[in-house]
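Naming follows writing order (A, B, C and D), and every chain is counted from residue 1.
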Amino acid sequence: MSARLRSLLLTLAAPVLAVVFAAIITSIVLSVSGHGPIETLSLMVDYGFQPRTISLTINSATTYFFAALAVAVAFRMNLFNIGVDGQYRLAAMLAAAVGGAVALPGPLHVLLIVVVAMLVGAAWAAIAGILKATRGVSEVISTIMLNFIATGIVAYLLNTDRLAVQVAGSNNIGTKHIPESGHMPGLSLIPGSGTQQVFGFVIIAILAGIAFQVLLNRTRFGFDLRATGQSESAAIASGVNVKRMVVISMVISGAVAGLVGMPQLLGASYSYGLDFPTGLGFTGIAIALLGRNHPVGIAIGALLFGFLDNSSNILQINEIPNEIVVIMQGVIVLSVVVAYELVRRYKLVAEQRRVSRELSAGGTGGPAPEGAAA
Amino acid sequence: MATGIKVGAELEAPRKAIFRLTWKTLLLAIAALVVLLSVIRVITGANDITSGGTMNAAIGLAVPIAMAGLGGLWAERAGVVNIGLEGMMMLGTWFGAWAGVQFANPWAGVVAGLVGGAVGGLLHALATVTFGVDHIISGVAINILGLGVTQYLSKQIFTGMQGGGETQSPPIPGITKVSLPGIDGPLSSLEKQHIFLLSDLAGILRGLFVDVSLLTIVAILLIPLSFFVLWRTAFGLRLRSCGERPVAAESLGVNVYKYKYIAVVVSGAMAGLGGAFLSIVASGIYREGQTAGRGFIGLAAMIFGNWRPGGLAAGAALFGYTDALQLRGGGLSVHALLLVVVVLLVAVTVWQATRARVRPAAIAGVMAALVLVYYLVTDTIPQEFTQFTPHLVTLLVLSLAAQRLRMPAADGVIYRKGQTG
Amino acid sequence: GGGSNDAKTGASEGAAKGGGGAKVGLAYDIGGRGDQSFNDAAARGLDKAKSELKVEGKELEASPGETDAQKEERLRLLAQGGYNPIIGIGFAYSAPMTKVAKEFPNVKFAIVDDAGAQAPNISNLTFAEHEGSFLVGAAAALKSKKNSVGFVGGVKVPLIAKFEAGFLAGAKHVKKDIKTSVQYLTNPPDMTGFNDPAKGQVAAKGMIDGGADVVYHAAGGSGGGVFKAAKEGNAMAIGVDSDQALTADAAVKDVIITSMVKRVDVAVFDFLKSFTDNTVQAGEKVYDLKAGGVDYSTTGGKVDEIKAQLDELKQKIISGEIKVSAKTGA
Amino acid sequence: MAVELDGITKRFPGVVANRDIHLHVRRGSVHAICGENGAGKSTLMKILYGMQRPDEGTIAVNGTKVSFGSPSDAIAVGIGMVHQHFMLADNLTVLENVVLGSEPRKGLSIDFAGARRKIKEISDAYGLGVDPDALIEDLGVGDRQRVEILKVLYRGARIIILDEPTAVLVPQEVDELFDNLRGLVREGLTVIFISHKLDEVLSVADEITVIRRGTTVQAGIDSKTVNARQLAELMVGSELPSPETRESTVTDQQALAVRDLTVRSSDGRPVVDNVSFTIHKGEVLGIAGVEGNGQAELVEAIMGMRPSTGTIALAGTDVTSLDTRRRREAGIGYVPEDRHRHGLLLEAPLWENRILGHQTRRPNSKGPWIDRAGARRDTERIVREYDVRTPGIDVAADALSGGNQQKLIVGREMSGEPVVLIASHPTRGVDVGAQAAIWDHLRAARAQGLAVLLISADLDELIGMSDTLKVILRGRLVADVDPATVTPESLGSAMTGAGEGA
């Protein structure tokens, strides 16, 4: 179907255009600081396509994917979960503590940790959902505040008097090391990547993406969620209990947020310490928006961000300011959304034009008003 | 879509119950609060809760937040949600520091901070007004950009400077501090006697009128000035109409795009000023990561303040105050604040009970009891907890008052010319 | 970029031989060179080595929120790029270095502030911050006229708690009844406490208003605010890591009575020196008072009158007569 | 001539809204423009008011050629416009809404006192009776309409455009408005008046221009020389449909019984006050009332979208405690007043809109799953049976015209054999053809035993369609009227309370 194809091409045109635009901006910035843009970009690409780096990129992307997915669930119903950050940190910390405290057979141990993380994430997010549903508190504000509060709670619990242990000889402290049975084995997906395995959790990420898509597009619940996102008033009139939906979708979002720390926890660090990665929730927001809240888009966005993050090292080695990576990320997000918007408008006008063309070709000609025949 | 969903807003929009702060109620509330604090101080002996030092620190901490909030106010009154305040603030800290150092004049830094923030605002306006991008998306992108650009510029420019580095600027020349002459001595000796109410007032006055930076005064004046411009002038009316009903404004010949542009650029400039305050006055230096989320807190203060200058000033003050308390020796003062919370919750309980609202009354009552018990069984509050006092207080106050808030009707709605129906 | 080609070749072991002309890889923690603090101290060590030992250097820094894998990759890129020795600044490199050191047994590694990373080719350069802090704690107590001193920590992490512990112990050691106050600016993972002079100033001013007249900070970049508060409150301040009476803003230098110097530069230089001399030793090397890794500074002459007492305490610690605990409350 | 529009053409993507239109308006006259929905009336007026730029054609005002870049240019030459939809900011005061864009100044500030005085003066001179300091959101529709007129007068307009000003007014208010208009004209002002209510047009206009499908059918007809039938034929090219129901199909089986229903606003005021009524199978119960007298709240309470007290029984089963979804499942169909806000997901395709409100039922879902194939098939059926003009069921609802959107909604709500249909303004903003089609469908379903609660501002529709007719005033059902005998005029007076107790 050529119309379909055209629409698809248009949809793809947007991000491509945007990335090109971002490349131009970055080139200007690079030139100003006296670095060759072409060399720099080819350096990044060269490095980015080495097997090790691909593994690393996939690993970063797996984590980002969950963060963005968590944001996207809420965003699909117009809820803005800025609190993914606090949710995953609290969840990972408590899950790590539980995981370190028990000994269970292999898969069960992992399952327990994951379930605890999801529950904690969900519970923390539920606070914002409940406050919104019952007290009308904007989730934007409440989740920002809850991030700070989560920081305090984690800091309180991550203390050698409570859940933490001192890592021998180090200035780091962390939860008790999770025994082997609670590890998620890595995958040797990329040939030639040596010791750098891909997180086993990448499989869960793919499953989560599929589940997300099925949930939203194939279930009644998903329909209600999307309907609420598109028009709250219409959703209410159709019988959706919006307050309940607010709480449920925050809970789902929080549960997914609980997974954010899992690839790292179960695949690399096996303990929640002071060096556990932070700020992933905020990156997740940008990636969700970049990927238009669609799992495939999010996956692409996550890989792109992972790639950019990992190229920071190679840039530094070559004495190129690695801050351009952050600038690039910002420019890409902004230009992608501008491009999407332009394409969206173009498509809307094209569709209206098509509707009226097909209708007039359909032969309702003559002076009779529309619908008079009925 | 940027405004997000408003649960039940359309069906429960409280018409008469909308909260409009008048000067009289404001002054009364402040007076009541001072008395309450004084009583609590006398009971608990936490003398720092009304000391001049606390008040002075509170103002210093509140100003950047208030400026970010004012930035939010300008944008949102014109219908543009600005979550990019943090990024604009970062630009303000950097450019403020750079120009302050470069021209060896802090006021040059103030101007540069304004301009730096305004550039961020301009970008936001371009994305949201001209290209119709979702306001939140654009704001998120600007936050990323603000970080990247300041990091990049620091590396390029500060690294070569004496005392500067990749992550910090050289020291910035300071801005003069002024005091009302002749009051410091008497007030501080009065304050030290810890007399009920009198010492508290002395502390408050001393905090307000002794050792205040000129830029603090400028910043504080911007709040009533914003009120005047937005609520009393033709320009302000037009700007606000763009946030309430842009098609109506357009139909009367108001150039909606222009006003939105101006509003968002001013918004960025305000945030930039907050940033410049932070680097020039509050720190005397630019440090990467210095904004530490204050842009977001400013946004919260604005919502807390019901999209009004007085309200946001109160929000920023509350934030600055609780933050000052916790930073100035935390545990004891914040512990004393618990009693304030108890009193307020009891008041809510009584108020709800008289209106025969059983459930809210019960909830507030139980909460009051719990807080009281916690107060009685502890002597202090762990430092990890005192640090989120301002955030927790904001959350609590919002959950008591959020339903009385009213945002501009077309806030966050993407507007396109000629949509009129 | 030669780097990428080298990187592709995999396990090239680089110049494993010691001697001049060594290519040194330095991996900083967040902030990197120019943070006027910890990372900068390491940079000074490298700079000295560059001029005295004729080594070359390559410096990389961490970005906020990154994972161990990225730190690992940083070390690996350096190793693959032929850099040897490689130094990681900060305990965050502990696990990554353990891993990478195994992959490159012929490369010498060193890590600052961590003794957890153990391998035959890793040298652990750690500091007895509590010992140095003990001395400045004593100095604070001796200098305090109001019998009240304060400590401002940037972020509440165990490393900073060592500074706090030593400081309090030192102060109490010379004046049993001294009043102490402690304030941290933020909690991990919110590391802005090291970068927020505004908060540092408020915290220090609070202590000064509360009666303290000497304030010690271990708050990185927020320390500038502590000095400002001391200046405005006519109080005294104690710097950290480097001799801040030399490095701080000229306007506040005169309030800094002493600094607890932590000679990361010395440790880095020593390590590089041993590398060029081919005498690198794996395992922990504690830079304590005895080794001159920590000390108090005397620039400005503000502690001259108590120098004798301080030096006596110093000797007692070195001799083991006084044991300083690295934990608070001990 | 006050206004001369010649050769105006305006194209929108996919639509030619105006094609070579000619309109000449004499100074000091009331000139009406008639045309069915979408004929291009509003577009033409927006061009005259500077809100749209014509692609071709010329505009002359008082004999001088003009070219408008924005409404300010039109305001500057003395043109004012009252739009089809209110152009008021709810959260601003009357004064602020009125002065916006031409604020009197005193120093830097707005001259509030001066503005207040001037508004009072105009308000008194034309008997508008508006309070400058009231918030718009506290005003009813009639007051809002007067504020709109005040806005125009305040700017000293000599040429006033009124785009369907009567759509939301009751007859008495319409009369008042017309009196005002005549007063204006006597003072030498020119009024351009848009309506498709032909009796109004005939009663107030001096001259009439009819447009159809974007172009002038006949310009400058003397209103004394035509009658409604002729005008209608000019407008649509065929006879006007009538909403009359034929024979009664009312049974004695209760379909919907509402008892003591009370809805309170958030400040505790009853907006629906102790309302009780019963609708039987095969009966259409009409509720007449000036907008804002509790109709919307009543409907929302019955739908379970709004908290209320009292009981609601559906075919003998108590549904009071059920939520909206359960009530819909129990057999309440709902054609909402505002299709864009409550009836459709504008950005979603038609087949998803078919699911909306019927998420839990076949053919849209099986258990927790959405049945895409089933929903699509049934959407095809609705499109066919209800003659929804669309190229396919995958286009977004947004792309359809209003009338076709409405037909889709009616078709959807009639599916699944509802016991009761709540129809709020089912033909508002829909052209005559689609109107007739919707009426036919309602009648057919009524004959099958459907009970209908009909709320409408169109009194002809109410009188023509209802078996029983009640009047709502300030939230209370104040009168029963017999639709067989009542005239729109007497119904109108009952609605305003003039005939209370009737």
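Basically, a residue touches a chain if its C-beta (ideal position, glycine included) is under 8 Å from a C-beta of that chain, and two chains touch if they have at least 3 such contacts.
By chain, UniProt protein names: A, B = ABC transporter permease; D = ABC transporter ATP-binding protein.
Treat the numbers as computed from the prediction; the structure is a model and nothing was measured.
Trainee: In contact with chain A (ABC transporter permease) and with chain D at once: which chains are those? Just list them.
Mentor: B
Trainee: Could you work out which chain's C-alpha centre is the most distant one from the centre of chain B (ABC transporter permease)?
Mentor: Here the answer is chain D, farthest from chain B (ABC transporter permease).
Trainee: Per the definition at the top, count C-beta pairs in contact and tell me whether B-D or A-C has more.
Mentor: Ranking B-D and A-C by C-beta contacts puts A-C first.
Trainee: Approximately how many whole Å separate the CA-defined centres of chain B (ABC transporter permease) and chain D?
Mentor: Going by mean C-alpha positions, chain B (ABC transporter permease) sits 44 Å from chain D.
Trainee: Measuring from the mean C-alpha position of chain A (ABC transporter permease) to the mean C-alpha position of chain C, what distance in angstrom results?
Mentor: Going by mean C-alpha positions, chain A (ABC transporter permease) sits 36 Å from chain C.
Trainee: How many angstrom lie between the CA centroids of chain A (ABC transporter permease) and chain B (ABC transporter permease), rounded to a whole number?
Mentor: About 30 Å separates the centre of chain A (ABC transporter permease) from that of chain B (ABC transporter permease).
Trainee: Roughly how many whole angstrom separate the Cα centroids of chain C and chain D?
Mentor: Averaging C-alpha atoms per chain gives centres 74 Å apart.
Trainee: At least two other chains touched by the same residue of chain B (ABC transporter permease): list those residues.
Mentor: Residues 11, 293, 384, 387 of chain B (ABC transporter permease) each touch two or more of the other chains.
Trainee: Which positions in chain A (ABC transporter permease) are in touch with at least two other chains?
Mentor: Answer for chain A (ABC transporter permease), listing residues that touch two or more other chains: 148, 151-152, 155-156, 233, 236.
Trainee: Any chance you could list the residues of chain C touching two or more other chains?
Mentor: 61, 64, 156, 186-187, 190
Trainee: Could you please write down every pair of chains that are in touch?
Mentor: According to the stated criterion, the contacting chain pairs are A-B, A-C, A-D, B-C, B-D.
Trainee: Using the touch definition from the top, list the residues of chain A (ABC transporter permease) that touch chain B (ABC transporter permease) in their complex.
Mentor: Those in contact with chain B (ABC transporter permease) are residues 29, 33, 77-80, 82, 131-133, 135-142, 144-146, 148-149, 151-153, 155-156, 228-229, 232-233, 236, 242-243, 246, 282, 285-286, 289, 321, 323-331, 333-334, 337-338, 341-342, 345.
Trainee: Which residues of chain D touch chain A (ABC transporter permease) in the complex?
Mentor: Touch residues, chain D against chain A (ABC transporter permease): 13-15, 36, 38, 212-213, 236-238, 303, 305, 323-329, 334, 336, 341-348, 352, 355-360, 365, 368-370, 372, 386-387, 389-391, 395-396, 398-401, 403-404, 407, 431-434, 436-437, 440.
Trainee: Give the list of chain C residues in touch with chain B (ABC transporter permease) in this complex.
Mentor: 31-36, 40, 61, 64, 156, 181, 183-187, 190-192, 195-199, 201-203, 205-207, 209-210, 221-222, 224-225, 228, 232, 249-251
Trainee: Which stretch or stretches of chain B (ABC transporter permease) touch chain C in the complex?
Mentor: Residue positions touching the partner: 48, 51, 53-54, 57, 60-61, 64, 158-159, 163-168, 171, 174, 211, 278, 282-285, 287-290, 292-293, 323-324, 327-330, 383-384, 387.
Trainee: Where on chain C does chain A (ABC transporter permease) make contact in their complex?
Mentor: Against chain A (ABC transporter permease), the touching part of chain C is residues 1, 3-4, 7-8, 10, 58-61, 63-70, 73-74, 76-78, 81, 91-92, 94-95, 99, 103, 113-118, 124, 126, 156-159, 162, 186-190, 284.
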